[in-house]
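One chain, subunit A, appears in both complexes that follow, with subunit B as partner in the first and subunit C in the second.
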Partner chain A sequence: MLLLQLLLDGIQSGAVYALMAVGFAIVFGMTRIFHYSHGATYLIAGYGFYACTSVFGLPWYLSVLAAIVLSAGFGALVQLLVYRPVQRDAGSFFTVFVASFGVGVVVENLLAMMFGSGFLSVTSPLSRAQPIMGLYISQLGMIIVGTAPLIFLALNYFFDRTSVGLALRGLADNPDLVTVYGLSAKSLFLIALVLGSLLVVPAAVFQTITAGLTPSAGHRVMLISLAATIIGGIGSLRGAGLGGLLLGVAESLSFWRLPAGWSDAVTFLILLAFILLRPSGLLGQKVRV
Partner chain B sequence: MVNYFANLVTVTGISMILAISLNLLIGYAGIFSMAHAAFYGVGAYVAALLALHYTAELTLAVPLAMVTCAAASLLISLPALRVRGEYFVAASLGLQVIAFTVFEQWHSVTGGLSGLIGIPVAELFGYSLASPLAFMGVTIALVALVALAVICLLRTAFGRDLRAIRDDETAAAAAGKNVAVIKSIAVAISSALCAVAGVLYAFNIAFVNPESFTLNLSVLVMAMVIIGGAGTITGPIIGAALIQCLPAALSWLPLPPQNIGYLQQILYGLAMVLLMIYRPAGLMGKARSKG
Partner chain C sequence: MNLVIRTLSAAAMSLAVGGQAMAQDAYDIGALFPLSGHTAAFGEMYRSATSLAVEHINADKFLDKPLTVTFEDSQAQAQTAVVAMNKLVRVAQVPVVLTGFSAVSKAIAPLGERDEVLVINGGASSPDLAGLSPYFYNVIPLANDEVKTLLPYLAEEMGARKIALVYVDDPLGQAVVETLGEDAPKNGMELAGSFAISSSTSQFASIAARVRQTGADAVFLAYFGQQLISLAKQLRDAGVEVPFVGISTIGDPNFIADPAGEGTIYVSQKTDWGADDALTRRFVDGYREQFGKEPTPYDANYYNATMIVAKVIDELESDGLEVTGKAIRDKLAEIRSFRVVGGELEFHDDGTVTVPSQINLIENRAVRVVQ
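Now for the complex of A and B:
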């Protein structure tokens, strides 16, 4: 029974990880930007949600809306104010990464200054676990496990059927060709950043209600997104989603046999095993070895 | 006052060793490592354990820590460097997290969160280095040695191979260079040099715990290298000095003490962003050519 409960918890956090990993994979796969401030987007959405509910006393749906607007706006700002100037004369992978990292550091510490470095959380009746057939499930957990597949279906439709989605996939394959066809790479980059940023909102809201937020949580979000992207295979969005789910389940199952402090190490042992044995990931294209 | 000054110089010197050794990777080999704090930690724990259980002799602690770190680095670099650069970033991040978990959870050896206390005073050829001035002298000497080692290394054929790989990996491979092996050796050397800083840290503070070897420190060292100028000899030294002196300068501002740490980090985060936009080569690096 304990194992089943852990599996269930793992699917919950796995759904959340999958969403944020796909967000990172969209940015990384389509634009090749190593978007380290993905973690910062998560913090902005989470603290935005917290401030709206607990400080300003707004109802939850307005707070979620605020989190959505904040994270999309932040994604757009980072692209316009940081990535675009850095890349104006062929900024390397490295320079973009450092700039993104710098943004992450600034956001983390600004939030720490404003909200303190301790845990903050929003209490909600939704997060209380209800016993169902001997297993403990919260309504919030059910909501998240229910919405994640819907979001993935929508993304699937977007990338397979809409012209913007197809253009984004083209951008991933051959950025020069996309420009030749008369599409603006600049606006596609912006769309990728905004879309990627939106996908951390469910994760941020869910974590704020269940586990709570700290300013240093951004690094962990980034680490998990990156690990899931590599496990799934760089360039594959479905892979990143699967990778996130796998990491969530593995992390939760690790509580079965290992002390709580080891769960992060389990995540990265899985990552190292993939890099060692199968660098192309679950669904990625073959990587030169 | 003299002791305060000596300690400040020692701490700055330790940062310089960290920055110089990381610069070998970032600046000359084009490898982005986020695990520098982990190797620093391994060096510190090796020195602490050796001193607590056997001897506080630096001539023994430094080589032992260097060999341990070099060996540990091969564990991750051999698999990760076979594939593209992003994988090494991920693998080193993973290693950093795993190392912290091990420092924190392996109570019987590392003492867990409370760490190892009461590390005896370091000795050099049997002479005790109890005075902060003497320890400062040893630190300065080691900074010079590490810098010299890097300068000499870069003048050898190996150093040229490294820069060739950084500039064009495919061309270097086409010229018959075994890219993965050369990169792995560079990571091993960098980790070994980083271990020197760890040993000095452990003896200087006489106490080690996992909190000193977090991802934040890896970030800080990276900031030193990048702000100073990756790929230059003087850059990391200047960067380390600047970042070490920043908290002292900020403490003059009328701010609540807990905010100084945050403000310091905000400033170097901002510096990283602005430098990447306007001067990607860092303060000491060549300015971007126009055109």
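Now for the complex of A and C:
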């Protein structure tokens, strides 16, 4: 029963990690920008949700909507005001990374000044687990486990069946060819940033209610996203999702026999094992959705 | 160019001379607190209480010169603290440094001994802070003593027989594991499970599953800072219904104010804010008036530490002795016993302290003394 409970908890964490990772993988896979401020997007969505519910007293659906608008707006602003000017001046991969890292640090400090550096969370009865046949399951946990596959199905449709989705896949494969076909690479970059930012919102809202928020939480989001992207195979969105799920389940199952302090080590062990034994990751290098 | 260099040199010299003059016009002590980072809430608390004590000391004018404090940010990290400690000792040339947090205390204690600067800890309770250095003193009881105080209450008043422990894997946590392992059986209890967590862990639902499996009557949280709230919240959400218990690290105002802290039992040094002795009344009333909230035991510790330093300096002035770190340390070791907020405080040779203790219950987001 304990093993089953740990598996269930791991699937919940894995669903959250998968959403974080796919958001990062979209930006990295499509634009080749190491979007370190993905963690900052998570913070903006989480703190936005917290502020709307706990400070302004808005209903939860309006708060989620505000988190969506804030994170999408932030993604667009970062692309327009940071990445695009840096890349226009022939900024290298590392220059863009440093700029992204800088944005992440600034956002972290701004949020600490606005909300304090302490722990914040949104209280909801949905996060309280109830025993069902010996297993403790919360309604919120079931919602996130149910929502994540729906989002991935929608993404699947978007990248397979819509012209913008196909153009984004083309951007990942050959950015020069995209412009030959008359498409705007600038617009596609912007769409990739906004889409990647939107995907982190469900994870941020779920975590704000269940685990709480601190201004430094973005670093862990980045760690998980990066590890899952490498494990899944750089360029593969499905791989990133599976990588996130694998990390969540492995982290939770590690509590079965290992001391609890090993959870972070488990993440790195899996990452190291993939780098050494299967550098292309679970689903290879090409962008396939 | 020469004119510019001469002007800058003159300005630098005048600033240096001015700084020395200012230092000579006051007794300046140092405070090395976490003013940013994960534990900044503690640092702000320590700073508030220290500032209040300085305000009261200077209002009374019982020292020949006013007392001032130079605050530096340790970020609760050893490396940052060492740099800040060197700045306090070399630049500000303070004879005393107030500090908190085990890692910081252990990192700066050798520097204090080397430079004959007295270091006083009011926030860290790791047992290895005992006998750390001849220049290191604690005004807070250490964790092993607190655990021993709490266990009889758990056994007799709460009827606990099995305890599960969740602890941060640092010297404080290790000390609680050892003390619980040794002393729980002496009180008719069993340590049913102990779960170490790294300070970076943020998902605790799986730990809750292990804790539930132990069938414990109480869960001991040897944890501190903002993760304490996240841990307690996630344990509650994941169906852990038995009471949380702990030591003075639980007395974090953010934890007390959070719904996750409701029903928690913890031990701390005695802090009867309703006591009618003049010292306690002045501290409590002054704190409430200035900060608009109830003080915590940590506030009392730093208020007491600053008051003790002032009393020792007063004694040195009466004896006509120079106020240095060594002189303050020697006089403190000679006096040993001080009347402070909360009662009588007595220092031991190993730098530890004996103070009265109390058992607290967090109820309706406030603290109620239950024993």
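Throughout what follows, the second predicted complex is superposed on the first by the 285 of 289 C-alpha atoms of A that agree within 3 Å, B and C clash if a C-alpha of one lies under 4 Å from a C-alpha of the other, contacts with A are read in each partner's own complex, and residues count from 1 in each chain.
The rule is simple: a residue touches a chain if its C-beta (ideal position, glycine included) is under 8 Å from a C-beta of that chain, and two chains touch if they have at least 3 such contacts.
Remember, it's a predicted structure, so these values are computed and weren't measured experimentally.
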**OP:** Using the touch definition from the top, say if A:T210 reaches subunit B (first), subunit C (second), both or neither.
**Re:** second
Original post:
Given the touch rule stated above, what does A:S121 touch, subunit B (first), subunit C (second), both, or neither?
Top reply: second
Original post:
In the superposed arrangement, does A:T53 touch subunit B (first), subunit C (second), both or neither?
Top reply: neither
**OP:** State whether subunit B or subunit C is in contact with more residues of subunit A in the superposed arrangement.
**Re:** B
**OP:** Return first, second, both or neither, reflecting whether A:G10 touches subunit B, subunit C, both chains, or no partner chain.
**Re:** second
**OP:** Give one of first, second, both or neither to describe whether A:E251 is in contact with subunit B, with subunit C, with both, or with none.
**Re:** second
**OP:** Determine, under the contact definition given at the top, whether A:G104 touches first (subunit B), second (subunit C), both, or neither.
**Re:** first
**OP:** With the two complexes superposed on chain A, say which partner A:Y136 touches: subunit B (first), subunit C (second), both, or neither.
**Re:** second
Original post:
In the superposed arrangement, which partner chain does A:D264 touch: subunit B (first), subunit C (second), both, or neither?
Top reply: both
Subject >> Footprint overlap on subunit A, comparing subunit B with subunit C >> reply: 112, 216, 259, 261, 264
Original post:
Which residues, counting only subunit A, touch subunit B once they are in their complex?
Top reply: 34, 82, 85-86, 89, 91, 93-99, 101-106, 108-110, 112-113, 216, 219, 223, 226-227, 230, 234, 259, 261-262, 264-265, 267-269, 271-272, 275-276, 279, 287-289
Subject >> Complex contact set, residues of subunit C against subunit A >> reply: 36-38, 40-41, 166, 169, 195-198, 200-210, 212-213, 226-227, 229-230, 233-234, 236-239, 254, 258-259
Original post:
In the complex formed with subunit A, which residues of subunit B make contact?
Top reply: 26, 30, 32, 76, 79-80, 82-87, 89-91, 93-95, 97-98, 101-102, 104-105, 215-216, 219, 222-223, 226, 259, 262-263, 265-266, 268-273, 276-277, 280, 288
**OP:** In the complex, go through subunit A and note every residue touching subunit C.
**Re:** 2, 5-6, 9-10, 12-13, 112, 116-119, 121, 123, 127-131, 136, 138, 210-212, 214, 216-217, 220, 251-252, 255, 259-261, 263-264
